[in-house]
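Have a look at these structures, which come just after this line.
Both complexes below contain chain A, partnered by chain B and then by chain C.
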Partner chain A sequence: MTRDYSLDLARIAAGIAAQCLGGLPFQAAYSPDGNQVIMTFHNYPLYGSDKKGDACVVFPRSTFYVRRGNVKFTPLQQAQCRFYQQSTGQALAHPHIFSDGHPCWHGGSRERVADFIANIVETLSLQNVTEDSVLVGLCASGVMGVGMRALENARAQQKKLMEELGCLPLITDHRKLERYIDKRWCSKITILMKAA
Partner chain B sequence: MKAIIETATGAAINRDIDTADSPMVILQKFYKEDAAAASQIFSNKEAIDQLMDGTIDEAKSAFELLTVDGDSIHADWKTPLCSQPSVKEEMARIEAEGQVPTFVVSVTSLVAAVKEVCS
Partner chain C sequence: MTRDEILQSMKDSLQTEVYLEEKAVRKINRQIYRDISRECGGFFIGSVAQDAVSGRPLVSVTDCYVENRFGTAGNFEFTTDYIMNAVKYIRRNCPGSHLIGNWHSHGIFPAFWSDTDYMMMQQARENCFYMVVSPSHGTWEAVYKDMDFHFHTCSLRMASTEECGQMFTKSVACRTINGQAGGESVQRSDFRTFRRYSHVQKHELDRRFLHSRKDLEGKKVLIVGAGNIGNLVVQYAVCSGVGELAVVDMDSYEYWNAPRSAMLRDRDLGRPKAPALAEEAARMSPFSVRITGINADICCLGWGFLEQFDLVISAVDSAAVRQYIDRGCRLFHLPHITCGTSTLDGDFTGNVLYFPKDSVVDLEYVWGRGYRARLQERRSCSDLPDETQAQVMGFSAQIAGMAMDVALKCLLGRIEDERTARKWVLNSVGCGIERDRRALRAYKYGRLPEGTSSELYDALRDCDPVRTLTFDISRPKGELWEMLRSFTGEEIPSFRLDLEWSMNFPVAYRSSGAVAMLEVPKGCGPDPLLERLPFDHIYLVQGEERDYLVRLILEGPQEYKKPA
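This part shows the complex of A and B:
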């Protein structure tokens, strides 16, 4: 039986993101129609309540694959990705995520694996909500308010997430986070492909 | 000491390990105590049998300590962890950071490797 590397690679990516977020329980599986990968992070503290629930990232199954023994990544457009919470279809509470769940990314796409995984970490931890992002990039949803109000609410949620999840301190520094993720990704795929 | 044994695809299992043991012995004890959980780190049944007999495909298998910076340190399969200076130093650094050492483990059998070469 041929091994399904697309899902293995998605699991590795989810595992690295989960570890950066303090070791959240996670899983990665295909959508019912088999065309998407759904990464689910459990016990995610929800905005505006004391409850915890699932946070999901949905993207095409062709994003990660192996060809001729080499691991490949297909750059991802923002329209191909969705961030949900609690259930599929309910957008993650985040100023830069539209009500249908698709994110508003700087540059419009994620070109590298480390960039994509770092984006998942920074979105779920709200680290990518900054003064520039809300004033220059503007808000895609008013779930946390708009402008400085959104920033204020996002900072409160950031603090709550950092404390409750025990996120790695390096997630506040984008360059350090990407470098860390890149090393972890290389190490994991080397082990996976050696065993193949 | 407390440690996390992690598969290549990220499944994590909490374990108490003895650093006076080698990776080989740590995994043999793990399988004896919790075969269901330990099975996740093996590529197949042959890999389990061979590890319990003290042999594995070292070129294709991995027992690596994740460092604080995201790198990984390869551990020798047959040397006690406490006798491997780079592993010992990094474990002390990880503990000083208040984290639990994580070892990424994957065990592949020699038989599978030979079959692959033949095919």
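This part shows the complex of A and C:
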């Protein structure tokens, strides 16, 4: 039986994202039907309470895989990547988490692994909530309110996340974040494949 | 009785069956549209009975007495002399019938019961049937009042006499099945027309059509799309004597389709297009024929559905669906004809593409590289520019005629070359009456040029012949992994079913949880996503070393019904 690299690669991606978010404990597993990967980040500060809980990122299992010795990444649509908190089905507190084609997704699809992981980091830390994305994009899940109210609540939560998690300062700069992730990803998969 | 008491009485009472002869309705229509700004009225002639078992009142309206009388914009009075004239008319022309009620129009207002109407209904202690119609709104209300002043709601039906002439020479049997396919509900209606001719008629018909009918009797043709061209192709196929037809369409017949639906009638409004078209075709067929109308998305039925046909004709507006059908036909070695219309420089253009069963090219090649970017394209006749709409029907008839011509040649075995695909491009006649040389152009595709890559032909070249697997969806998905492992010989953690290659659009694109790959991992439990896959479809399965073409036939519990 060949090794199941999909989960290894998802774990590497989750590890890099967790590192950017200040070293959150994390785990990655398959969904019961085997079609999705569920990344779970523990001790995530929940919106509207002092408690901490789990934040989940669910995306297709075929996003990462290895075939004939090559690491493959399948770019995915925004709708294919879902964010939840505490349990699957409960949307993460974020103003436009399920809005397809929103500016926070940078062009509607993810072409590279670094884009995808950067988006996870930016979404969980609410870095991709800007005045434009809420007011011009006119997207609001309603979880944090609508319009300016959503923006105010998102900024408060963003500040709380940065303080409580101890996120890396570079996550505020998209380019730096992508470069950082790219380097980490390349070195980690090289180690993984060499070990194989 | 007050208005509320009457309404309550209607709620509690049995519904009345009312049968209206066309003759009576025609008379009403003629009168109300003479002047829609003023009210008018007339009398119903017929009989009233009661169902002995259910007690339900039955009203039969056989005729109508109408005089050219008009009231004001808001009032019409049934005068004594009008009533007496109606009685005299019945005595002279309708012996055995009675005056059973009246109707009046509401001019520019919608059809509703006014206080004056309620008062009028309570004046006579008789069984009466009343109607109010609105010519400006096209609406109507009907109520039946019995002797005991019980008011009943009415169910109106037309007692048509149009087919009496052929009452004992033709019969159309129908069977409808509802079920599911690809997670969507599907309605399938089978119509069987039996025609019986006298010896003399049969002799005459055989003299003209026996040859083609004999050759076409056992042929089975699938027509995808019941729009403008679909209607015409079905009509031509039925009249040509094709023995068995199936029509698939996912839309319903709406009033805006009427100008471009040659076969459909007003009675079909609101019905799913495919079963309605199948029924109309079965009714008009001069030969004994079997026609099936399936209200479904063809992509939900799977490629396996195509296998039973001798020829597939796709006349759909969606580029993605045409591509889907073509790939399925190539995999099952079926001839495929696809046709459509468009505009070019403000005038009409259309094309007919014919792919024989062993075509060396597919639609992807004919459309050119980058066809994926065009998958969202729709070329519906209704999307053509407004100023060309008047020409749509006439031009589409030319395209449909060409498509049927090719189809018949294919079915009758008159196209010997079974490898060369052909395309005909027809442009509308210009300002002159005669066509110029460029009006009809023909293209041949006899070989796939060196270095041309094609997703389909690459897969067919690299993969073994298609293998068939049957899987019960209520079983754990891990068992499907076991099947794939034993068939491929590869021991890998997960096989991937490439839904995008298989053009499984409903699952791959139309759902919010869009997936392009379906994972089949080892030791996994049941997967509800499998219910959204077609019952019988071919997938490109990714293993570790190579790809495999697998025909997956899904089975399930009783409620997982297969209508197709």
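Just so it is clear, the second predicted complex is superposed on the first by the 185 of 196 C-alpha atoms of A that agree within 3 Å, B and C clash if a C-alpha of one lies under 4 Å from a C-alpha of the other, contacts with A are read in each partner's own complex, and residues count from 1 in each chain.
Keep this in mind: a residue touches a chain if its C-beta (ideal position, glycine included) is under 8 Å from a C-beta of that chain, and two chains touch if they have at least 3 such contacts.
If you're wondering where the values come from, they're calculated on a predicted model, not measured in any experiment.
Participant: Will chain C clash with chain B on chain A after the two structures are superposed, or do they fit?
Facilitator: Fit - chain B and chain C, as placed by superposing on chain A, sit side by side.
Participant: Check the residue A:E164 against both partner chains and state whether it touches chain B (first), chain C (second), both, or neither.
Facilitator: neither
Participant: Tell me the contact category for A:R68 with respect to chain B and chain C: first, second, both or neither.
Facilitator: Once the two structures are laid over each other on A, A:R68 reaches chain C alone.
Participant: Examine A:N35 and indicate which partner it touches, taking first as chain B and second as chain C; both and neither are also allowed.
Facilitator: Once the two structures are laid over each other on A, A:N35 reaches chain C alone.
Participant: So, A:Q77: does it touch chain B (first), chain C (second), both, or neither?
Facilitator: In the superposed model, A:Q77 contacts chain C only, not chain B.
Participant: With both complexes superposed on chain A, which partner does A:D173 reach: first (chain B), second (chain C), both or neither?
Facilitator: neither
Participant: Could you tell me if A:G23 is touching chain B, chain C, both of them or neither one (first, second, both, neither)?
Facilitator: It touches chain B, and chain C stays clear.
Participant: Answer with first, second, both or neither: which of chain B and chain C does A:S187 touch in the superposed model?
Facilitator: first
Participant: Enter the shortest inter-chain Cα distance between chain B and chain C once the structures share a common frame, rounded to whole Å.
Facilitator: 16
Participant: Using the touch definition from the top, list the residues of chain A that touch chain C in their complex.
Facilitator: 1-4, 6, 30, 32-35, 60-62, 65, 67-68, 74, 77, 79-80, 82
Participant: Can you check the complex and tell me which residues of chain C touch chain A?
Facilitator: Listed in rising order, the residues of chain C that touch chain A are 477, 491-494, 496, 512-522, 524-529, 542, 544-545.
Participant: Under the definition above, what is the set of chain A residues touching chain B in their complex?
Facilitator: Answer in residue numbers: 8, 11-12, 14-16, 18-19, 23, 26, 179-184, 187-188, 191-192, 194-195.
Participant: Given the complex with chain A, which residues does chain B contribute to the contact?
Facilitator: 6, 8-12, 43, 59-62, 64, 66, 69-72, 104, 106, 108
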